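As written, the chain order gives the labels A, B, C, D and E, with residue 1 at the start of each chain.
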Amino acid sequence: MTNTWLSLRTNHPAGRSGLARALGGAVLASLIVLVISAAVSGLPGMAQVVLVFGINAVLVVGYQTFAGNTGIVSFGHVGFMGLGAYAGGIAAVPVADKELYFPDMPAFLASWDAGGVLPLLIGGLVAAVAALVTGPALMRLSGAAASIATLGLLVVINNVLSQATPITRGPQSFFGVPENTTFAMVFLSLCATVLLSAAYKWSREGRNARAVRDQPAAAAAAGVSIVRSRTVAFVISAFVTGIAGALYAQLLTAFSPGSFYLGQMVLIVAMAIVGGVNSVTGALVGAAVITVLNEVMRRLEGGVSVAGLTIDLPAGVAAAVLGAALIVTLKWRPEGFLGHRELILAGPVGRGPDIAAARPGQTEEESDAVPVVPAKP
Amino acid sequence: MTAPLLSLDGITAGYRTTPVIRDFRLSLAEGESLALLGANGAGKTTLMKVMVGLLRPWSGRVLLRGSDITEVAAEERPLLGVALAPEGRGIFGTLSIEENLLMGALAVRRKEGRRASRALVAEGLEQVYETFPVLGKRRDDKGCHLSGGQQQMLAIGRALMARPALLLLDEPCLGLAPKVAGELYEALGRLSTAERGVVVVEESSRRALGFADRACVVKLGRKVLDCPAAEAGDDEAIMSAYFGVETEVRS
Amino acid sequence: GASEKSGAGSAKAGAGALECRDGRILVGVAKAESGFASFFDIAGRRGLEVAVDEINDSGGVKGCRLELQARDTKSDPAVGAQVAKALVDAGAQILVVADDFDTGVAAAKVGQSAGVLTLSLAASSTVFGKAVGDLFFSGGITTTELGRAQARYALDQDWKSTFQVIDTGLAYFTEQDEQFRALYEPTGGKIGKVEKVDSLGGQADFSAVISSIKAAKPDVVQALAVYPAVGTFVKQLRAAGVDTPVVGNITLQTKELPGLVGKSAADRIYYAAQIYFEGTGTDPAIDKFVQAYQAKFGQFPEQANAPGAYQTFMAINQALQQDKVVDARTAADTIRGQTALPVPGGTLSQWKDGYAIWDPAVIGLEAGAWSVKKTYQAKNLLGE
Amino acid sequence: MSPAASEATIASKAGQTGPALPEGSPPLEVRGLVKRFAGVTALAGVDLRAGRREILGLVGPNGSGKTTLMNCISGVHRLDEGQVLLQGEEISGRPSRARARQGICRTFQNLKLFGELTVWENVQVGANAVGGRGARPVPDWLDLLRLGPVADAVVRSLPYGYQRRVELARALAGAPEVLLLDEPAAGLNDEETAELRELVLTVRAEVGCAIVIIDHDMDLVTGVSDRVQVLDEGRTLFEGDPRAAFTEQAVVDAYLGES
Amino acid sequence: MTGVLQSVLDALSVGSMYALLALGLTLVFSVMNLINFAYGLLLVWTAYGVVLLGGAGLSFWLVVPLTILLATALSLLMGFVAFRPFIGAPQTTLLITSFGVLLVTQYVAVVIFGEAPRVLQVPEGFNKVLQAGDLRMPVLQLLTIGAAALTVLAFYLLLNRTPYGAQLRAAAELPDVARLMGIRPNRVLMIAFAISGVIAGIVGVLWFAKVGAVTPRSDLEPTLKAFIALVLGGLGRPAGAIYGGLLLGAIEVTMSAVLPGSAIRYTSALVFALVIAMLLARPQGVAGGKAVEV
């Protein structure tokens, strides 16, 4: 298998060139997504779906950056998404419209507006700050306790968004955001976030976080700060999630705090789990699979005729299918489609490790380098 | 001629697609004790799992006193008299020490009924506390609070609580102080009676060979030596069986 | 304002045209089939279906059948916008959105900017039209009439102090509150205390609010929250031994209310509404509607948006039938011109800023039986 | 490995790289350490010293407090009384990660590896803690422990013997001043144990740190230790020359048993 | 004085409802480490049972045992079909699985019963209020307190007077080793789901008798309350569930007495902030007392 130039494996070879190949793999993965999306986007009625997919992908890559590297299932990330959406949305609403829709908005927010990537950065930053403030406390917890604490964070964020009436219109619908989200904006953000997430994963900080995930006591005994390493992951991933929220705001133009609550959370977790929560590549795959599934279900709910047979499923079937997909995935592929594997460029010397005297019972699961055929365009 | 206590009849077993144990045959007479030796990863633990039913063999049969128990579920085998002190000890950390031991006695309870078993269980507890006094002293402490060696004692004690006809011990000396290890084998010597067969898995052989009637060496999932323990005491044969490249099966 | 920049100019060619395509005019329905809003959105959709059946049975719109295509917005404004886009892309010539400003506004803007005639058949907000644009009409009785009718009725009964229980999560309630105050307070009423509740979030325990009501001893309790939480509130209020009259709005208008509150406790409950349909002595046209509804859906109209949507769409239909109406713009102009229009079970006074003005009725549930307590003229209420 | 060869090694170690004379403070010093768990006094006032280049064998019956002592030194447990000093500096109150950065590195009785990381990454995590202080680059450690060929393998998939070495490499990469090994030979066969013995000696020669080793394999302990300390019920029962220890009647009674 | 007494009574009744909720959850948690997001749906199904059977004209006193039976059967079904295959899986896997189960079972409820709220017919007596001086004692409150006390007692006897309690924990911790002892993990699990279902049935009737109407989405509120109670009391200990439930009841009643009316919307945020603080102060309470293992 020395002639493959691309492989799916759980790690990259040691050293600088290995790191370069891993990052190259991430770039390639985002390029593949970009090309396929561009092609699909041209099909009739698909433009919107592709944009939704792109935003979902940013979202899941952001989520994965935390959940994958720290092993903590977070329910709080929908809250970060909401913060990003509101912050980005407020930045993007034109000054004239602010006067109309937000008469009580304080002047320092009402007197300006922003276009282009600025609302995205603002959305990401607000979310990142929220993570930075709460992280040092929340990240002391592990396992289910951490999950429930992040659920608490979500409830708190939701509550705050519902109460900050002058700038969010409270629990009522926030609207008036111009529809600025374009293909280029979504997919450039996606490429950037994939690269950011991969760079983090393979960096020293990311490695420390993964070490804490696998064996917290041993990591501490090796000098790693558990809280700090998790907090770094929390902040980076909140930043990316916030960007996704801001993109979302400018695609849909209207939303309410309820849009960033348990329903959306299930969607994110499902995408991450199905693709493989431990893998950046998996995040892309998961976002694609669930977006397609959702879209198909949405169409079926609306009633579709196939060969003279009208399929008309009762409303809500998308959620049920999502639930079933989750259970089935967890049963047959507990680690998602990709597990810990990433797309990694392999050079001529990049063969798998040589376990000379490997045990007799070396299983297939355990061999970690699965060569794949180079992706077809 | 009575049927042997345990016999493995051409067992092949493994995980997913990789075979670990290949065409393994073994038989253990009533009251006999056997030392099962082999290097790291040879498949000893896997073999134990097959015997207790945690791993279903791909082919072959497990017979207990002549009856085929291959399809009997793991949770039913203690009632037939099979008990294992597993590798890694398997202590219930959230249960107290006494509760751990009572779990071991569950098979007796299920078999004899609640009332009839009461005396047997009390007697069993007494015996275990006598063999390992530290367990008696700490009986209400949680399992996870014990030191490594203490946990090992608890695992063995728990297996004894089932009053097994076939006692299986997977590396019982791991982490035990030399004195305790010595005492353990002495105790095993007493426990191995006409009604009870014992199989001990060990990597280092000295003590096990001193105790067992027979020795059996596993290499890469196959049996490469099966002889009386006294003969195997001849170090050279064992060593060659362990590490040698071409050793024939002697039997 | 923002609402002006859209309109037919940016529309796709022909998107708003109301011609017959393949023998039908496609009506896209972007309403909640699931989630908290589905209770009234589904009722509204069903009311619309009855209207469409009736129109089609009598020859359609100028000989062309109306065809409905409905998709679920899941009670979420963002999903609503997506669904509206999909419907417009699928060729919807008329877009019907949710019966509520908050859940429907994003979807309505999609319709407006695509140049399609866009309707919310039973929404009550007065800002809906301003926020969306000139191709949009919201057809429910507005929060102005609802709020003022409650105030007027309270004053007529000499209920001088009001304890208000409100869910601020919907503009529907906050606007009613404003209008209620505008009439009630200057005319001698006093709103003693306000308690906020979270009916949208499914609040199930109101003991704190009720304790505070017991302490305040008001003449009347105003309950502005969504069903079923508003019913749960009244149930718990009565169970706590408080028999103060309760006044509210359409969210209390359902035949299920006595069952929920408890038969013996279903007393002294009053609400302002657009149509009276749940008791005896209703308008014959509404009786006919109820029968059609029961035949089609196997149940009594579960909520007021069913007859409300029916009524409004029958009004819109009268505009669509005119020869001069060929696209969204001509339809909008014609609709705007409607005044004192007789429709089944009532009269549409006029349109203003894209919303309909109806004369409100106050309906009372006393000792388990309904009756119309009072009907007010919209223009009189406003004048006050 | 033949017994003769190991004899030779022991002899040579004493000559070349034996314990340095105490000059200033020793790398590790523990004074009057007391640790109680609910109802159990695991350590009842233990003193311990390990000098530079010294290998100290820590033995004792099960439950005598060896692991607890190691946990107190590395910061897993908070101690109830007493002091832990690293090169004369008191570190008793510091968290585990701070002690690691100051040079207290350890392995665990039950392996605790970062299962999904590669061998190289595992060792790199250990090296990072000390930043520039690391005596050598990571590949050197891999070579020393003959892990070079499997550097890119995920440790979860490696055989047990390899995993033990990875743990050692990870500890070494942290540039230890004090290296704590808890039952490193458990689960190893005789051959691997002999290898381990060589390895420990090599580490001492190359790194020059103080080493504390717990094990129940007396051949190993006598083979590598310069000195042994025997614990019993949370107290020091004996301290001194390994050979002397195993003839001491108290030690035989409490720990070794007649055999 | 009566005011304080009244508050205590209110807190006790709300709290015992929460305690029951948490008890049903904690049982399954202690058997298989499952934090079951789908638990609230059992309550919802119970309520639909009351709606349908009551609607069919059965006497309420027949309806109640039948719906409790229904909840038990559903709980068993849920456990058997969805969760049994995951025995021994990591906590987070189970958590997410329960989400999947929630989505599916909720959908089934939507398809069968529709989204519209359905009204429960409860006997008029439930809505009565007994008066003792100034003290107001709604019948439903008294019933709730009584039912909770009985359930807790039965539960206590089960866990402490039968060997079942230890078996339960053993099977949860190391299912394979438990099998070696002769414990039948499937059976233990199913018994746990059955008991959890019985409790869900009881609390479902009480909860929805109070609320009066049910929709397929009415599960969120009870589920969140149960989680909070569970965490406050410490996961995995039945006693913790009871303390946690009562504590939450007390907190809520106190908050509504002390907080100004306009702050009612912050209650959920405040309660959750409290939960987080609790977790930070005593994370070990949550982990079920596992010590550092080295």
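By our rule, a contact is a pair of C-beta atoms (placed from the backbone, for glycine too) under 8 Å apart; a residue touches a chain by one contact, two chains touch by 3 or more.
Labels paired with UniProt names: A = Amino acid/amide ABC transporter membrane protein 2 (HAAT family); B = Branched-chain amino acid transport system ATP-binding protein; D = Amino acid/amide ABC transporter ATP-binding protein 1 (HAAT family); E = Amino acid/amide ABC transporter membrane protein 1 (HAAT family).
Keep in mind that this is a model prediction, so the values were computed, not measured.
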Completion exercise
Shared touch partners for chain D + chain E come out as A, B
Handout entry: A-C or A-E, whichever has more C-beta pairs in contact
Key = A-E
Handout entry: Identity of the chain that, by mean CA position, is farthest from chain E
Key = D
Fill in the blank from the handout: Per the C-alpha centroid definition, the whole-Å distance linking chain A and chain B comes out as 49
Practice task
List the centre-to-centre spacing of chain B and chain D in whole Å, with centres computed as mean CA coordinates.
Solution key: 31
Problem - Distance from chain D to chain C - Cα centre to Cα centre, in angstrom - result: 77
Completion exercise
Here the gap between chain A and chain D, centre to centre from mean Cα coordinates and rounded to Å, is 43
Problem - Touching two or more other chains - residues of chain A - result: 162, 217, 315-316, 359, 362
Fill in the blank from the handout: Among all residues of chain D, those touching at least two other chains are 67, 76, 108-110, 112, 159
Fill in the blank from the handout: Note: chain C residues in touch with at least two other chains are 33-34, 38
Practice task
Spell out the part of chain C that touches chain E in their complex, as residue ranges.
Solution key: 33-36, 38-39, 42, 193-198, 201-205, 207-209, 211-212, 227-228, 231-232, 235-236, 238-241, 256, 259-265, 302-303
Problem - chain B to chain E touching residues, read off their complex - result: 52-54, 73-76, 78-79, 83-84, 86, 90, 92-95, 99, 102-104, 106-107, 109-110, 142, 144-145, 158, 162
Problem - Residue ranges of chain E touching chain A (in the complex, touch as defined) - result: 33, 35, 82, 85-86, 89, 91-93, 95-97, 99-104, 106-108, 110-111, 115, 220, 224, 227, 231, 235, 265-266, 268-269, 272-273, 275-276, 279-280, 283, 286-287, 292, 294
Fill in the blank from the handout: Seen from chain A, its contact residues with chain D in the complex are 10-11, 13-14, 18, 204, 207-208, 210-211, 213-215, 217-226, 278, 340, 352-359, 362, 366-368
Problem - chain D - residues contacting chain A, complex - result: 74-76, 95-98, 100-101, 105-106, 108, 112-122, 124-126, 128-130, 138-139, 149-154, 156-159, 162, 170-171, 174
